[in-house]
Amino acid sequence: MNIIHFIQAGGTIDKDYLTDDDHRAYNFVIGDPAYRSITDRAEIPYPVGFTMACQKDSSDMDDQDRDTIRRIASEVAEDKIIITHGTDTLHVTAKHLADISGKVIVLTGALKPERLRDSDADFNLGMAVGAIQCLPAGVYIALCGELKRWDEYIPRSPPSLSE
Amino acid sequence: MNIIHFIQAGGTIDKDYLTDDDHRAYNFVIGDPAYRSITDRAEIPYPVGFTMACQKDSSDMDDQDRDTIRRIASEVAEDKIIITHGTDTLHVTAKHLADISGKVIVLTGALKPERLRDSDADFNLGMAVGAIQCLPAGVYIALCGELKRWDEYIPRSPPSLSE
Amino acid sequence: MNIIHFIQAGGTIDKDYLTDDDHRAYNFVIGDPAYRSITDRAEIPYPVGFTMACQKDSSDMDDQDRDTIRRIASEVAEDKIIITHGTDTLHVTAKHLADISGKVIVLTGALKPERLRDSDADFNLGMAVGAIQCLPAGVYIALCGELKRWDEYIPRSPPSLSE
Amino acid sequence: MNIIHFIQAGGTIDKDYLTDDDHRAYNFVIGDPAYRSITDRAEIPYPVGFTMACQKDSSDMDDQDRDTIRRIASEVAEDKIIITHGTDTLHVTAKHLADISGKVIVLTGALKPERLRDSDADFNLGMAVGAIQCLPAGVYIALCGELKRWDEYIPRSPPSLSE
């Protein structure tokens, strides 16, 4: 039985320098979910589940995407959910999940892609994985060293254009 | 006021390839505490404190080192303490701290030095920082994706010779 | 006296995830020249010079930029020049420099930014620094393990849109 | 047909944090040859050959090891040989190969293991790969930004104890 279910929404954390299908040019695009590399490095011994909800900058997400995330989070068997997400609208998605009961849901992301040398991705995902084992049911945000209930989270800066 | 106090015991997490004072040769020695680079990358916005207790492989630690750690943990103002430590005897040190009251103490370390490309150090420290904000007073161990109370922690393998 | 003069034209090698001045958003923009971090890591013991010619994707470069590079390369005192450049139009810029005499000029770049964990940047710059000490005056391209005279270089793929 | 033949002698460049067979403990031991990861990252398009001569700190190498390297270098079909080696006795091995004719042989290594975040390994191997395509037959050393004929190479510091 999976201990944690990961949901990919997208965001900077998953950006890599790849061929962009549209242009056949190299560009930074949201690719494979970073949680995979990170949990491999961390040598996590227990099984986890995964669903890709979308692969978007969070400022490009809409209610349909948030409904998808809510549906997945509600329906999977696991009661521990970590959502990797763009950092700009973590709180918007979090609010959208607030009525889910019986689950510990932690949203996280990164200011720098996991593919970058000095990324905060590993640390933030670690925060989520550590906190999720201690928290009561509810929705939380883990970012930049802070672990907050969704309704106590203060976004770092005004929503920006491509995160 | 500092939010978390970090204590360095040593261990693999802090190993770097440096000149070894004794031999003027390059070798892997325990150096600057890894929490510093990690929390810089994570862009932690709050102040933290730090004390170096020792810089040893945990299989080389003795009761005197553990007394030092306990003294520091008891005496600092902060009620949240993260100890970076070799992974072999985390549970031994944890037990030594079990009688400290009014503090949340999380011990962590890494299987690979923070200086390595594919280290688990950032993730594990993230686990400690995330969990410490959710846990009641007590002593815990965060490693390889698992967050356990010290008396429920099962070491991964028999104590080895140089960790 | 400087041994090598580095010229920054831009390209993927120098892309980092930074605030974009226009949008105050985090985005991948050409930043500090990667040769600096790379030569620091390599512990190069001799002094080098540097001039920033432009900071562009090479498909955005025009003749004015190439004239600038040619002027710098011609006028600096050093007879060894390394130009870090986008990979798409290395050969175009190389041709533009072909009439400079008395200098060894090596153009290089990277398919992945130096800031990425698995970048080819260090290797390519190493190729340029190694080759430049062995080559007679002329213009060369060093990329992906191949060291070619500019007029023998075959670009890897058709010019793409953002490199 | 292979363009370059790599020979592994060992040294810091290939050190990784692995289980040590003798002790079943984690320790830094010479493991897989670093040239493999490095040339993969560099997306080298041509085939290369490889032979493991030994996996030793260069201060532990003896004449038998050097004879092995000389035999391999002489006998392989390729006329371009790169030897990854500990940095302390590069010049000793180089001298041992000086009588081989018709081959370009470049010895290189690194001050920090390729597995370290800020390693010079990629850069140094790049130097060797770049230079080897420009040099006449002979034996050379590429390290820390300097490309020298073996008999003009000045070791950085007195032979140390574990490199």
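We call the chains A, B, C and D, going by the order they appear; numbering starts again at 1 in every chain.
The criterion applied here is as follows: a contact is a pair of C-beta atoms (placed from the backbone, for glycine too) under 8 Å apart; a residue touches a chain by one contact, two chains touch by 3 or more.
Keep in mind that this is a model prediction, so the values were computed, not measured.
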item: Identified repeat of the A-C interface (over half of residue pairs identical), from B-D, A-B or C-D; value: B-D
item: Cα-centroid distance, chain A relative to chain D, in whole angstrom; value: 42
item: Where chain C and chain D are represented by their mean Cα positions, the distance between them in whole Å; value: 27
item: Distance between the centres, which are taken as Cα means, of chain D and chain B, whole angstrom; value: 36
item: Per-residue multi-chain contacts in chain A, two or more chains; value: 111, 117-118
item: Category of the chain touch graph - line, ring, star, complete, other; value: ring
item: Residues on chain C engaged by chain D in the complex (per definition of touch); value: 38-39, 41-46, 111, 118-120, 122-131, 133-135, 142, 144-147
item: Parts of chain D lying in touch with chain B, wherever the complex brings them together; value: 12, 15, 17, 23-28, 111-113, 115-118, 160-163
